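Common to both upcoming complexes is chain A, partnered first by chain B, then by chain C.
For the complex of A and B:
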């Protein structure tokens, strides 16, 4: 059954005279269509296909063979293991324009702004074509291959960018063959606009939210990103594959181990490198320990945002125990820098298994306490009750993966969908909740800690003997082609796309940040709610800003 | 006449790595002689100041998590009088620059620094804040916060351990202790006039 759906899609796509189908080196079906037909094909896949591609996983801007283009990674909520890459190109480098798909997938709205910022491709019918990460006065598009990286072109600015409440959003519309360049206001003329951030103690980083209020009800949120945009994707293009690894840890530093795991898996699949079972087990245990640490911190911060600082101190206290385990084996606390291409950096410390086994009952005991003190606390329950509703359909359309999507009932756990490393060998439940309210997003993280403990429990005593790392060549060169890998990190689906031209450095690297779409989800759930709840709703989604900005 | 005392109660004198450097600084300060009355008042004020330094809650990236660890149960900087983090720069004495500062953030950081009341201090935490660190080759990173604001203490690491941050905090305590409180505005002015933003007195 599952196969036939894919076959129907494939049949449809191959019946199109303008489409070119190919099987990529990593096994994914890739369809290249001319830019004029892109919208039509995308609309079919979104609405009319046998199994609707209702989840736009990521948009990857490209600049190869002197042509600018975009790769759309599409997936389905019904068959989440199915992925499809839709490609389109434009040869125009002066005024590149493509059709927007933001009316088909909500998440496209922010992804297309990102492609515009990095490549200068403007999307027709997208209402908001402002730059997303860089300042409006930035010269050039940094991810283009002909970008002038001279610091004199873009010196460190002296003054803050003046962002007016009456800011206008440029857009191009093409209706009935009539092309118009327009601008529209972000906020209405008599809106009362309040700024949160970029330096705000409860913003979990340097996110800047501009909030239009009607009394104390939020009318509209306009997030401003880029205060920690470090240009990691461009940097990767100059680095060799092992050098790139350490940057992934610093993307979403609370799930650094998992991000690194994704890049390692991507390279290993491309190289067809056999990784030992031992390395898989160790990586899985490390991933789950990181997930526990991240969820404890996320939980503590959320409670802190609700006014309970004690929870934060408790969360950090339990987290320290995990940091100690990391430090003993990997040498680093927050940045374990542990996984490498082919395995892990060094073997586990002799104390590792004992300390992990001591940790499991401790965390279980503490979880009970956390539930007693906070989850069942009538004040906390009352605070979270009935607010921040995110429907399943909206979560899918927004691409709000991870615990936040699972709280709305969307089955999106990659550890279950396409098991990698040792996840196929263990029993655990994907925690799903149905209501999609703030309390669900709160409690799902604590429940996931319990599942992570279960996974670790099953693996810790059975770490197989063998080499902890496979032998790799001194210079790692990926074969020519496009490679893609996604893993489940603490915030959702983290994706890595690598375009390789066969060199020792990648041609293009794209990281899919789960946090970026969560800010889109914040826009959806916080609108019409009270401004006093905004910080807590943001905390319930648990985004990490450096991962958004990359 | 022992006017300047660089010993602090929170850490043993021998445990610091760069005592000689501070001793030279103190003997330089003493060269012209010190008025005992002013000197003693100065010592008293500095005793108070060095034992209650309030940091601003400011973090851009990864180092912020280690900064949170310093504030949490195990390391707990409150025991050294660093007590509370302030959410407004107007109430803070020191700004911990935790994490990378990028072009878009640079003017914001500068404004935060300017909003703080004198005397104010800056600690650059982690490789990014010191020199751009792992993001040195990026097009959007400021290569060290000392390009935009004067830094008092540099704490290397990626990210530095909580212990390293505590060590840096102790160094700042000592720095505060040897300063001449009554001449602080002159010192700042001198730095501003020389055009050199980098304050000499901050060894990593």
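For the complex of A and C:
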């Protein structure tokens, strides 16, 4: 039955005279449509086809064959394993314009700003065409292949950006055949705007939230990104594949192991490299340990944002044990730098299994304590009760994956949907909750720690013998084509897209950050709530800023 | 012991100078000793809090400066005195500077009226309780001024919250003390302490006194702006609330006042409910009472105060912060009505006793 739905969609798409269908090297169906028809096809896929593609996974801007374009990665909540790549191009390099799909998927509104920032493609009917990561006065679009990287073009600015420049939103509208270029402003003139960040004790990094307040109540939130934008995707284009691995750890530093795993898997699939079972097992255990560490920190941070500093210290204390285990085997702590293309960097330390087995009962005991100290605390329950509602539909539309989406009842755990590494061999539950409130997002992390412990328990004694890494060529060159891989990191679905031209460096790399869409979710859930809850709601979504800015 | 010391100083001074001069010198001495006691106690308290908090959090706390980190806060104080006082653009400088002094003056004046031990009390008003309540609420003016004059949105929100919070909780604070005033029939602190010679008010007053004590601890804790009632400075949203823009010793004043207010609240609780510097007496157990009498009264006072401070620290390091609507609901819908009923109960109790 499921298959047929996909076939119907495929049949419809192939019936379109303007659409070209192809199977990519990684097996994904790719549809290329002219830019004039893009909106119509997108609308069909979103609303009308048999299985609605209600989840816009990512937008990848491209610049190949002298044409600027966008790849829309679409997925659905009913058949989450299905993915579709929708492509469109424009030959106009001077004033490239495409139709916006931000009214179909909420997540598109930030993704399109990102494409504009890096490729200069402007989206018609998008109300907010500001640059997202770079400053408004930046010259050129850095991911275009004809970009001039001369420092003279963009000298280091000596003055800070005017706050009024951050508020000006240019837009192009095309309604009833009438084209208008307009400028609007984020806030009204006499709004009481408070800046939270980029330097703020509770911002967990350098996110800048501009918040319009009415007394204690939040009227509007405008996140400003880019304070820790390092141009990782641009850097990747100059790096070889093994070099690129090190950048992935620095995206979402709390789930570095998983991000690295995604890139390794992507390259291995492209190279059709056989990875040993041993490496898969070790990687899975490392992923889960990282997830536990990340959730413990996320839990602690959320408690701290509610004013309970002791809980934060407890979270850090327990996480420390995991860091010690990492240090012994991998050498690195927060960034283990462990997975490599073909396996892992070195074999596990002789103490590894023993220490992990000691850790499991310890964390279980501490989880009980955490529930006692905080989850059942009347003040904490009172703070979390009834606020921050995120409906399932909204979560899907916003692309709020991971624990935050699962707290709203959206089945989106990639470990279950398309098991990679050793996840297919273990029994565990995908924790789903239905309410979508702050407390659900809070408690789901503690419950996921329990599931991660279960996974580790099943694997730790059964690590098969064998090579820990497959032999690779000295210089790794991916075959020509487009490759895609997604994994479940601690915050949600992390995706890697690589366009290769067969060189030792990639042509285009795009990382899908789960955190970026979570900030969109914050905008949705925090409006109309109290300012005291803003930071806590942010912590309940548990975004990591370097992953947003990349 | 202390009265003989003061009498000796008095007669010593009178031998060398006129009565007015002697009084002047005595005032000066008292002022200096209060300031010194204030500062030293605050430093000790900061160290104690940091140590206790560290043990709550499975850490060691300060342990590098001096044995067991004993000189840590002294070093911190030297650092804070040496730090630059930053001039804020477009702030109201007069009010900005004034605010920290108002806060500390309110706190020192309250501190001065406490009966520390037998005979060790600076001023003994016949309206002592009233004086404590009045002068301690001076601090809120300083906080509001600090928030207003800093020309910052964080401080403004912090000050507004603090205004709402302090004024609300002052009511419960006052009313729970009023309970004891009803019971004792006096507002003079020395008399209140004297009346607890045989049995502390928390035992004498039965249920209403216990209720009043608990409410006083909650409301008093809220008065000190410390977690879970630290909304005015709510670090996670307002960076540091009303004192965000302060630096150096001016910030130090706010910090000292915060710690000393904690001490003052605990000391008032000890005086009003736990017998002040009176030792624990149980009627009938004469030997026990005599042993208790051997412990100096200052130790009794500090011990009881320390107990109340420990309760406050325990609460602070265990609970998350309330939200402003929850905070005000707690006061106006829960504590206030209970307080009112409680005073009535106490009045009934006193009336029945005759």
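Note that in this section the second predicted complex is superposed on the first by the 548 of 550 C-alpha atoms of A that agree within 3 Å, B and C clash if a C-alpha of one lies under 4 Å from a C-alpha of the other, contacts with A are read in each partner's own complex, and residues count from 1 in each chain.
We take it that a contact is a pair of C-beta atoms (placed from the backbone, for glycine too) under 8 Å apart; a residue touches a chain by one contact, two chains touch by 3 or more.
Note that the coordinates shown come from a computational prediction; the quantities given were computed from them, not determined experimentally.
Asks: For the three-chain arrangement built by superposition, which of chain B and chain C touches the greater number of chain A residues?
Replies: Comparing chain B with chain C, the partner touching more chain A residues is B.
Asks: Considering only the touch criterion stated at the top, classify A:226 as touching first (chain B), second (chain C), both, or neither.
Replies: In the superposition, A:226 touches chain B alone.
Asks: Output check: A:546 vs chain B and chain C. Expected answer is one of first, second, both, neither. What do you get?
Replies: First partner only.
Asks: Who does A:530 touch here: chain B (first), chain C (second), both, or neither?
Replies: So A:530 only meets chain C here.
Asks: Regarding the shared-chain residue A:14, is it in contact with chain B (first), chain C (second), both, or neither?
Replies: neither
Asks: Tell me the contact category for A:134 with respect to chain B and chain C: first, second, both or neither.
Replies: It touches chain B, and chain C stays clear.
Asks: Go through the superposed model and pick first if A:376 touches only chain B, second if only chain C, both, or neither.
Replies: Once the two structures are laid over each other on A, A:376 reaches no partner at all.
Asks: Determine, under the contact definition given at the top, whether A:462 touches first (chain B), second (chain C), both, or neither.
Replies: Neither partner.
Asks: Quick check on the superposed pair: does A:164 touch chain B, chain C, both, or neither? Answer first, second, both or neither.
Replies: neither
Asks: Tell me the contact category for A:64 with respect to chain B and chain C: first, second, both or neither.
Replies: It touches nothing on chain B or chain C.
Asks: Let me check the overlay on chain A: which residues of chain A are in contact with chain B and also with chain C?
Replies: Comparing the two interfaces on chain A, one with chain B and one with chain C, the shared residues are 201, 313, 317.
Asks: In their shared complex, at which residues does chain C touch chain A?
Replies: Result: residues 56-59, 153-154, 157, 227-228, 230-231, 234-237, 239, 317-326 of chain C touch chain A.
Asks: For the complex, which residues does chain A have touching chain B?
Replies: Chain A residues touching chain B: 133-135, 142, 147, 149, 151, 154, 156-161, 198-199, 201, 205-206, 226-232, 234-235, 238, 246-247, 250, 253-254, 297, 312-313, 316-317, 320, 323, 333-335, 545-546.
Asks: Show which residues of chain B lie in contact with chain A when the two form their complex.
Replies: 57-62, 64-66, 68-69, 72-74, 85, 87, 99-100, 102-108, 111-112, 134-135, 137-142, 147-148, 158-159, 161
Asks: Would you mind writing out the residues of chain A in touch with chain C in their complex?
Replies: The contact residues of chain A facing chain C are 192, 194-196, 200-202, 213, 216, 303-311, 313-314, 317, 373-374, 377, 379-380, 382-383, 530-536.
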